[in-house]
């Protein structure tokens, strides 16, 4: 970041001499500071999980959700500036409404991710706005099956089998690669949603370890056969089980060290 | 700056007839259109629908016919539309307006469901949906562009643990009663429904309500009578049952009918005299 | 002129991914006098400290009714608060008109948060300079939300905003576990104790500077329902001036203090000294409560807009 302070990093409509858009990169920094959000595509659905960091103990338990619904079978988990995540979800619901009004059919997950990414891109192209300070995981099940996408502040989006954004995302992605890697091995099968919930919870606990000073709540949703292929919160008993197992796995790992 | 604005405003009023803006007032835009007319009549229509409160909820009935004028055009149309898990509509009148309206409501409820993941707020009650529909229909008729329907809203309010049944039509007219019928059903079926309802519950409705079975049999009777007397009806209909267990919509069914008496009617069959 | 090159407008991220203009707007909230909110499983209450700009001025209003079932307490720029609360009222009325349903409290708050977020993403706008505590009750029970200029909302068991609100927060954090099952008088007493902690040493809670709003069934222990239909119905009501006397007395009794309260020689207007003092206090207070320590130090230096001057002009806007 040698260009810091040279004036080429003050507006999103200004390139630096070597062709970078620093304001977009800075927006990415806001993402890296936020609690991790993880998505995992499973054999029978998709699982989303976030580490909801509690900045005060006066916060109501279980409230202040970070994962939002865009359609009956599409969820969105953002990491970054909270208010930007809500803005993007609002826009997502508009797209859902608009698509259904035009085609009388539910919006495919990929089309939604595409439209949202174009919206995000527009905020990287004008000096009169700033980029979105969020990376967002879009999870959905449609005719093409379970899908997972991630939209970055730059407006690019890619499909994933598993992905993580936010603080500790790099470690989380390594763990996801291990989990997803098994399915590509000889005779390997993809995790089911139920297994996916446990896996995502485990990884969230694992990556949280780095900043133990702040408490967090585990928040998880899924689109699975058990939720009638609708985007819904993971049932309380399964969430509690996943939370406990994630915690236990972490302690086990520490003993090994 | 202000002056500049007003100066610039002048050229915009110039046109071919007044190139130098010499007229004291800009010429009025000429109307090139005839007066605008909206819907004057429904096209593809469904006939009357019925509703009654029973001891555990509400039942609605509607036949499967969508007529094109007097032609029995579509014979497998469902005119009962569930909304969420505690409300159901029975819709008479224009079928395309019915489809438009249900799409609008479905989208509204879907958006509400999405937001409720965040705040866990319960969905719209039957009363909320009815209020929305009433506003929609009154607003449209006030634009002299009505949605050409008569609708019964049946529901079960989970908070209050009570049933809900009300009427709204293309004029935005609203009312509520323990038995309801639209269109010709209001003349032919409503007296039958009321009679049976009041026989048990009393005129004040304070007595026991009909059981589910009694209510269904009563609706079967009424649908049969309507099939006999309503030339726009079909002997193929469905019943929606809305209770604490949710909305259940029956398969299509028919009434046993007897047409032997018709042989003696003038105008039925080949004319003999 | 600016502290760094990244804080002059609202659409520029710093290399750390921060938006300094938002952090500065959060400081504006801390310039306003304190507001406190608490909720039990039956009630939600707001308590505020009102300021007066001088002996001839009235104490400024801090509590705004939105609907029968929603009300807010404000800290920060009064004019921004009026715009936002007016918008909330419109949303509340629209929900009643269109669906015949009182607006769900969380959605009423989300409505203004969306607007606030907009002001953080478009050039030529500034973030709102006001924070809200919103209480309400709906089909999911009583609620307390915080709205902030960043465009975020959070739901709390108890919370405080405004000048010296950290002191109140300390009290609330120590006691909030008992709030859930507290009676209305108990809840109010906790709130007044927390509010009391935000006062400077020589200041006291008086009927002039204290106002209390309640949502939930009335309690004849502290309320006179014969003069308030809202209280009778459990709707949002505000007790202030002579009507707050009863609540203050009950609170002093509960603390074993003389019921009449401490007698100040002259109930001097607070504003004359408060401006400067508060700016300092709020800086000290932010260390612990703010997630952005970077920004917390902002108004400490002498060039922050309103610190040091202590002019009453600031106080007219900052409530």
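Odds and ends about this structure:
First chain written, first letter: the chains are A, B and C, and each begins at residue 1.
By our rule, a contact is a pair of C-beta atoms (placed from the backbone, for glycine too) under 8 Å apart; a residue touches a chain by one contact, two chains touch by 3 or more.
Note that the structure is predicted; figures quoted are calculated from it, not measured.
If each chain is drawn as a node and touching chains are joined, the picture has every node linked to every other. Chain centres here are C-alpha means, and the one lying farthest from chain A is B. Rounded to a whole number, the gap between the C-alpha centres of chain A and chain B is 43 angstrom. For the pair chain A and chain C, the distance between mean C-alpha positions equals 33 Å. Each chain gets a centre from the mean of its Cα atoms; for chain B and chain C, those two points are 47 Å apart.
The set of chain C residues touching two or more other chains comprises 110. Residue positions 115, 118 of chain B each touch two or more of the other chains. Residues 5-6, 10-19, 110, 113-114, 116-118, 120-124, 150-159, 169, 172-173, 176, 289, 291 of chain C are the ones that touch chain A when the two sit in their complex.
Partner chain C is touched in their complex by these residues of chain A: 1, 4-5, 7, 9-12, 22-23, 26-33, 55-60, 63-64, 81-84, 86-87, 90, 123, 127-131, 133.
Of all residues in chain B, only 103, 107, 110-111, 113-115, 117-118 touch chain A in the complex they form. Residue ranges on chain A touching chain B, taken from their complex, read 65, 67-72, 75, 93, 96-97, 100-101, 104, 221, 231-233. In the complex of the two chains, the chain B residues touching chain C come out as 115, 118-122, 124-125, 127-129, 131-132, 135, 159.
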